[in-house]
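Shared chain: chain A. Partners: chain B in the first complex, chain C in the second.
Here is the complex of A and B:
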């Protein structure tokens, strides 16, 4: 029989007394429980309020974009810039055709040099090509001159309008401030857009017609005169000839458009939104017309992120599986902190490494003779999608690894034991039980990595190459060697030079909102997966 | 002691978790085709020994059988030539907490077969029915084989785990407190099942329930602090134990 224990209580008071005692510590009339409660709820609310303020100010600054964008699009039409741009497109196409010839010549020269030909021989071999190039350029000169004339006229209209609008505002401010005399000095001109448009059309339509006709004639005779049978560039030049013929037949439709153009055709408001979402040009601080199209930036961000994920997902998830299921404790203790350490490398350091080592390394690699068989190698750009993608992958691996490892850890050990007890080997247990059971957790880990990557700024700003163009996907996989610009990188780049309240300023806010929404969406989807995963395991 | 042939022979086994010794010099012969119960206070090493029989302890880093041998049907299962996968197919296990996979009832049962590359639908269907009948579960679940196994009741889940274990046709079934999470009726069903199963399999069952050990088992081993105190026919242990410790434990005078 166990002996009875004498329990010596610290608090010797009888129970009734101790239950009713109210000697708790008070501070400003609050008990300790209350203080703790207020402290933590205070922190939570501060966070929520700050977030709400950020969101609010983003939207407040961004919301002004669309009306302002609408005004800009209206002015583009009113002042006749649109009219001029029809012809500009025609001339731009000519310039790129000419650039094609130039590149063709360069390529062939390199080939011939590689084949050991002398300089004189190369020159004579390529003489017809060079002649074609010169003549083709020549054919465009007149058009180019006309375009310049048109441009300065339309730009003049726009400038006069902008200046008098600014003056109108300043004058009002001056009058409000009681400075009547100074206000009177500011000239205000009421521009008659109808008259200006009429003027544009009557001056330039006939000229444009005439110039186009001579251009077409010159090109046609040029094509007929160029004989390239049995040369090493026969195929390319024939393709060029076909393209030019098609180009010439397009002149008529350009003329049609210019004829039909009116300055007062209304610009619907929705265009200010659709042009932002579907626009393929992002041009700012231009003397001519600013364009705010998100597509090249969005595609840039997306391609870089996809490349990053293609690299980071197998690495991160693979490492998580290895560490969680296969590695010994010593390996775990070494690898885990190491991978987590990668996460704290400042991104500017990574960017620097990306430029100096990775980008250069990739370029040198593509220059190796043994890599020459790969079409598109050697590459021209050191800063491109793949360099940025690889660096971002490096940044995404730790979060993908950590969250995937957590997900695997959360799979009950009983599943694993049951699997082994039924005669499964390690690979079978991993692929049939562990990964499926933690799949939603792994997917949310990947999504969080995606969020990390798409929101990253410094690395892409430094190494994505910042070219504001949609990469040329016709290059196939080689597209990853082209430079792009990204949403984050662009915001970071343009913020310092932007005028507060300007259209560009607001455009950057809208970009920021878009980024915010994308991140929100990714996180939301990740949450859904996490929730599902909790249920399936619990 | 018994004229039944031996299924598992344990010879002077010492077992370690890292540096701490969990089993001290255990020796016993578990007879074939009978039910052997392991009893003893918590922490005395019953599960540890049981998990040695299918080398489940291999999954825990730093464990080892430092000396002694465990032979199953005469083969030393810790020798290098032994294929652990094959061993685990022949020595099935049912765990304390039922642990069906988060898959359908059907997929749970056929898991072990799929591992062996058997995917023939007709064959799998047969095995599912046979195993579920063998685990006395067929009538309850035959209409919802594609439902999630985690939607079953606790007792049904445990019988599903038994069905899953017998689907790979083991010769020995190890059960670690299979009824500890079940209510009396579910427990009764599992006990009836054990009676049924012992016609075909050798069964080793760990239990804290003295009545259960008395009802289901032919032999009983009593452990205390990592040592085997007494091993004998169940009637003998429960009516006339030879050690004082055993008697104290069985009569509940000791905890």
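Here is the complex of A and C:
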């Protein structure tokens, strides 16, 4: 009979399937519910595991950088590259002085042209200047030739050492592989650095002394012979003369340095770290010496981020206050999803927009006649700090807006009502009550926006101009029209072309570690702000 | 009638009120600057791109752009009043792509196509067939087609023609002795973005499966099982920190771990895992929110009826949270679809000639890189700063991020 069957099933069901049955299947002493619970709790650890794995792999690849960097610095001294670079600095300074003269001439030509002077007249007016530049270059020719000689000798020592080291390694590999004959065929040259250094010094020190002396003499007579009284460039040339006199007196200290140089002066290990942190040059894959200094990259990242925040903070916070306190419901319903939508514009699309539209737009803007009064306009570079900064501002705005709006929302309603009941108007309530009460949240919103901006890659890679130099801050505010390179952009640019395990590869991982730590730090500080200064209702 | 100044409801302009209005206008302007800037970018890209994706003739969508491989564009001029020949289908394609050029059709011509063992093709007129066959050059060649129909055409005046590289090469091959004039090329300016779309879809699907599995498990634990304590706080802290890690660091990690340490090379798998872990915090946060939105009474009712914890979650919590979880994961999809830095050394190739599934072994599907839209945009905009195509691909990218909404 069907009815009894139904009844039987009903009273059997809870017994067999779930309820309180003591004789459940157990595995390792755990019931099925407990197993499920541990399974879930295990997956909750994913975030921690991933963070640990990121830390581990980045450090695993990056940790080797400092010993390798130390070796590279040691070789720089041992092979005498350092010795040559003392003299190179002297010659570079001469070249930059010559460049100054060139720029001066160009500048004056443009000015004269603007004043409506003819070509022949300009030439005759600037002839002494041009003569000075030619003679000044002439004075440096001998030094340049000597420098080339020194460079090739030192580079030769370095190359021989590198080759012999490579051979040593491959010989060891061959012996390990049991191929004794092939291993014996490899010649390994033992470089006697002491002898080479002695050779370098005895060959070039007297020559350098002689060349420097003639250079100084030539320059002195040149300066004395140049008469620029009552010309339009008198002030500049006089300044140039003063600089050159100072430059000449520096020759002695260069000689002293070269005299005192020894190849076996130990390179302390901390230098591999300090040279990385304070180095101002990032030069890779050079035949001479690779330099890994984070300063230009860090400054690049920082300037771009600061420009972005200067634009994004007023906009984001202002919009959050407007939407939270002032706007009508309809306006809120339109603006909030719109700004959230801005957050998901892919960064590469923004970068592309920067290249195709914004960069050109800014340059055209600076070329307008009505903007000509601004010093430094029109700008030369289409891709620069401001282009990248403006686009990054657009990326930072959504996070700043959303988190600030949340913070304003979290202010207890009673605060606002109390303020109104005391007769304050809306602006007073906002500026005296709402914003101070949510300040910690707004600050953490700004920090999170900063974190987003400093870690952004594609926009800066495409738009920041990628020039590996510290921007010239003497230009004042105009510095924002100079191209820079950033930490993120450099990593993305160089990773595809590095050899695994090379010094450059490891340097890029150290950069990634720096980025990782910066982002963790920013997050941590933001959370401290939220937690510590959270207003408690009570 | 009351005196105006005595009306208590009349708006009176005081300095404080004027200040208030001024400040509110500042805030309003800030809001609308954001909207205008973002709106301008949308408008600019849509305006320039819509002409590429859509067209006025049927089928109203630019099918070749969505179904072909990226190609070099050849721009050249052809002499006027000169007989040229081209295969009929190719000729149709050329006239379709150059609607403004004045082509004059001179009838059709049948030719014999020879094919060498190496795959080189050669078209010969029927009367030359015997001669070519006897030629020692054609040793080992076979006849591929006896009657290939060629279109013979002329140009009314010298005009500029733009076609993709494949068409251009066959045009040059078929018309020996008629050299094109003023030949220029533009990299990636012809063809379409089909493989990039396919690659992006694969990357999104695979990494979302991984991220949703892990993310929902983690969120379920956090919202259903966990009680607040130091360990849970630590887990939450790590999730928040993971959300703040820059995508390039994820890329470096994926490169160091999946590509090099695990030896997966630049591959779909490496990209899946890198992207999945990158998007995990978004998925966890979204899923937890939707799990918490399920009323507590649902759980209590189920438990009161004697269901176990797992049965409660499985039958009475997850089904109601699922729509919310999926909605919130759209945010993650949008993030993955547009991500470049994390895939540029882990998953994406500049060019790949086959589709990801055109492989000999199943393993190759997983351990080969793919083309992806965001990386394609990067390659195009980094190499050729301004050409037609950058606008095209950017539009496609954008329509894909629209479609993910």
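As a working rule, the second predicted complex is superposed on the first by the 492 of 538 C-alpha atoms of A that agree within 3 Å, B and C clash if a C-alpha of one lies under 4 Å from a C-alpha of the other, contacts with A are read in each partner's own complex, and residues count from 1 in each chain.
In the analysis below, a contact is a pair of C-beta atoms (placed from the backbone, for glycine too) under 8 Å apart; a residue touches a chain by one contact, two chains touch by 3 or more.
In this text the structure is predicted, and so the values were computed from the model without any measurement.
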*State whether A:60 touches chain B only (first), chain C only (second), both chains, or neither.*
second
*asked:* In this superposition, which partner touches a larger number of chain A residues, chain B or chain C?
replied: C
*For A:339, decide between first (touching chain B), second (touching chain C), both and neither.*
second
_Partner chain(s) touched by A:425 [first = chain B, second = chain C, both, neither]_ = both
*Give one of first, second, both or neither to describe whether A:228 is in contact with chain B, with chain C, with both, or with none.*
neither
*Could you say whether A:93 touches chain B, chain C, both of them, or neither, answering first, second, both or neither?*
neither
*Could you look at A:415 and tell me whether it touches chain B, chain C, both or neither (first, second, both, neither)?*
first
*Would you please give the residues of chain A that touch chain B in one complex and also touch chain C in the other complex?*
425, 428
*Contact residues on chain A for chain C in the complex?*
14, 18-20, 32-33, 36-37, 39-41, 43-48, 50-51, 53-54, 57-58, 60-61, 314-316, 318-319, 321-323, 326-327, 335, 338-339, 341-342, 344-353, 355-357, 394, 397, 401, 425-428, 448, 451, 454-458, 461-462, 488, 491-492, 495-496, 500, 508-509, 512, 515-516, 519-520, 522-524, 527
*Within their complex, state which residues of chain A touch chain B.*
328-329, 412, 414-425, 428, 432-433, 436-437, 536-537
*Give every residue of chain C touching chain A within the complex, in rising order.*
16-17, 19-20, 23-24, 26-31, 33-35, 37-38, 41, 44-45, 214, 217-218, 220-222, 224-226, 234-235, 237-242, 244-253, 255-257, 260-261, 277, 280-281, 284, 306-311, 331, 334-335, 337-341, 344-345, 374-375, 377-378, 381-382, 385-386, 390-391, 394, 397-398, 401, 405
*asked:* Can you tell me which positions in chain B touch chain A when the two form their complex?
replied: 54, 56, 59, 61, 85-86, 88-89, 92-93, 95, 97, 99-102, 111-112, 114-116, 161, 164-165, 168
